[in-house]
């Protein structure tokens, strides 16, 4: 498999604090790669750097060989790297379907003026989006809540909606920020299946940041472990499980390993 | 040059005191108090009434200004802001309430004190003349010193008293403060009262120098907004810095641009907008968003 | 649905162009023309503020753009002898351009920070008008001629207002047509994908950016449309009063535009129009109270806020919710 995303000596400092220090790894086409590490290890910062929500202090991120760090978030999204958020971030006063339809923005071909005047292209866009939204709703089994206001949805559905929004952008890489946070065991396992099916059936490369160790072990093809802003290990779940450095890092902060 | 610095310090001390009240209210309740300028004018009129009408000493007027405005602030917080904050879904609603209160205070001032410019007799006569480098009337020096003293007292109070510590905790993290057992409602009210009291005291100070009139409220609010934007909204040290910076800029601007007419404030506004474009959270504020 | 929308516009036009003049004619209250013209123009400016609310920004700076638009038109008419009807869109465009330059940095601010800067902006506009030579300082620009004839290839489209026997009616008609056009445009924006994108911005800017929306561009676009509306409203106002001063539009006006939007409702296209009408007439009706006018007016505002902290709209929302069940 070829590397679709290369993280190369990425560094980010906040004042004197180095949140991400010289981290390098590759994400391969079609895999699920997890980034784990204790709280405050720099996982979220790493994600923000990859999606250009933060600018780098040094190093760069390459997507298919092209530099994608230090751009605008929407430009990175247009290239096919789409991020979902740690909190259940959705458009709260829109329905599920509206959320998914609006998220098709990347695929729109009509201009702003075209939308205003209702040009033929704009109408074609709208029809395509509606159809695609229905497909996604079907795919994620969300028919029952399609017309429900997002602010009324329970947390599990919100997380799924977050992924639906991600899918609507037709990404090549989906960055999931703690997709299992705050979920019980059953919900987590459902989510694991969902992410797996996104990867298998839609051919999306998935990169995720997560605390929940059992889920990470189950879902990941490969795992990158970071601690205090530095990469301490990289490998398959089996390799990670028996890595001394990882065990040490997690024993040092036992609470975090449980996922609180 | 010394003259400009002295003028800047004198103005800055008063400005900082206004900005402190505004920033305190903002940090505790996330309310942008549009009525701050009106509260300050009201304070000036209280001192005017006490000193010029009742013939009592200036210090009594000053204290009464503080008390009247403090009580007013507490009532406004308890009966207006608190219920609106509890029930509103958007942060705009408190701004509209504040705008309504500003109009209301304008109306009350108009009915009680009229439209005329009011002032009180000089507290002390005489002018300090230091080798023609600094020429400043004694009463201005006194007011400047009183304002700086008030700022110091306020900082000490926030730093060392139990109330001050509770309010700082509240400003930092409302939820955490509540969990730690801080009585959020009570301290919000105290904070609002304190902010209003500061506005009242500045009004009382100013009435002895330049006098006061109804139309001064709105522009004072705008200046106060600028000061807290320069320093960073909700930051105590930022408000003080913002106040002195604005005072200095005004003082320097009046000297430099004297030949070009009334463009000092225009220049200040424009530089503020450029400054905010570079540093949106002000000098000492935390970045957000 | 496609038939309904134009129909609504036609009904609205019929009401304001036929019913209202007829009522005024019958009642003999000619002064109402001026009041209603003001309401129409103020509600255009308020519509702009509403649009910035729609992208999640509290705009207390519309007074700046009404003032700039007013001066732009006045200068073009008096100094260059341009036709007013040509200066009207130009005034809007000038405002839009200025708002792009100003908006690029300040639209990065959010919440109360943006609100504070826009408030300062109104003051900047006033001081600029005072300081610049071309605006003639505090004396302002006076004796601006009435709008002259607009014709294409010899066909008169708009007659010369100076020669009309009832210019008040003419101004009224021009203003309400402009108002209806502005609200039709606003309706179209809100109900097209453009409006959905604006809403996505209002609800969550980060998520909007991460689904590929160019948030900076969209914000500036909405803000410039808003300022365009402010500009044409200001230009029209100046033309009616035939004069403009630095104090023609002040901070109070900016605050009032915001109040109009909020009172009418932020989720409802006709909200700012309703709000302007209610506030303007409310203020006018209270005129009989003399010196207590401001006191009663502000007390009512405060009580309204305490009673309905989410605006008049919250009543409407409540009804809609009840109907669904």
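Read from first to last, the chains carry the letters A, B and C; within each, the first residue is number 1.
Basically, a residue touches a chain if its C-beta (ideal position, glycine included) is under 8 Å from a C-beta of that chain, and two chains touch if they have at least 3 such contacts.
Fair warning: this is a prediction, and the values are worked out from it, not measured in the lab.
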Common contacts of subunit A and subunit C?
none
Chain centroid nearest the full-protein CA centroid:
C
Just the number, please: Cα centre separation of subunit A and subunit C in whole Å.
42
Go ahead and note the Å separation of the Cα centroids belonging to subunit A and subunit B.
47
Would you mind pulling out the distance in Å between where the CA atoms of subunit B average out and where those of subunit C do?
32
Seen from subunit B, its contact residues with subunit C in the complex are 26, 30, 32, 34, 80, 83-84, 87-93, 95-97, 99-101, 103-104, 106-108, 110-111, 218-219, 222, 225-226, 228-229, 233, 260-263, 265-266, 269-270, 272-274, 276-277, 280-281, 288-289
Sort out for me which residues of subunit C touch subunit A in the complex.
185, 188-189, 192-194, 196-197, 199-200, 203-204, 206-207, 209-216, 221
Which residues of subunit C touch subunit B in their complex?
53, 58, 102, 104-106, 108-113, 115-117, 119-121, 123-124, 127-128, 130-131, 205, 251-252, 255, 258-259, 262, 266, 291-292, 294-295, 297-299, 301-302, 305-306, 309-311
In the complex of these two chains, what residues of subunit A are touching subunit C?
51, 53, 72-74, 77-78, 82-85, 89-94, 98, 101-103, 105-106, 108, 110, 112, 115-116, 118, 122, 125-126, 165, 168-169
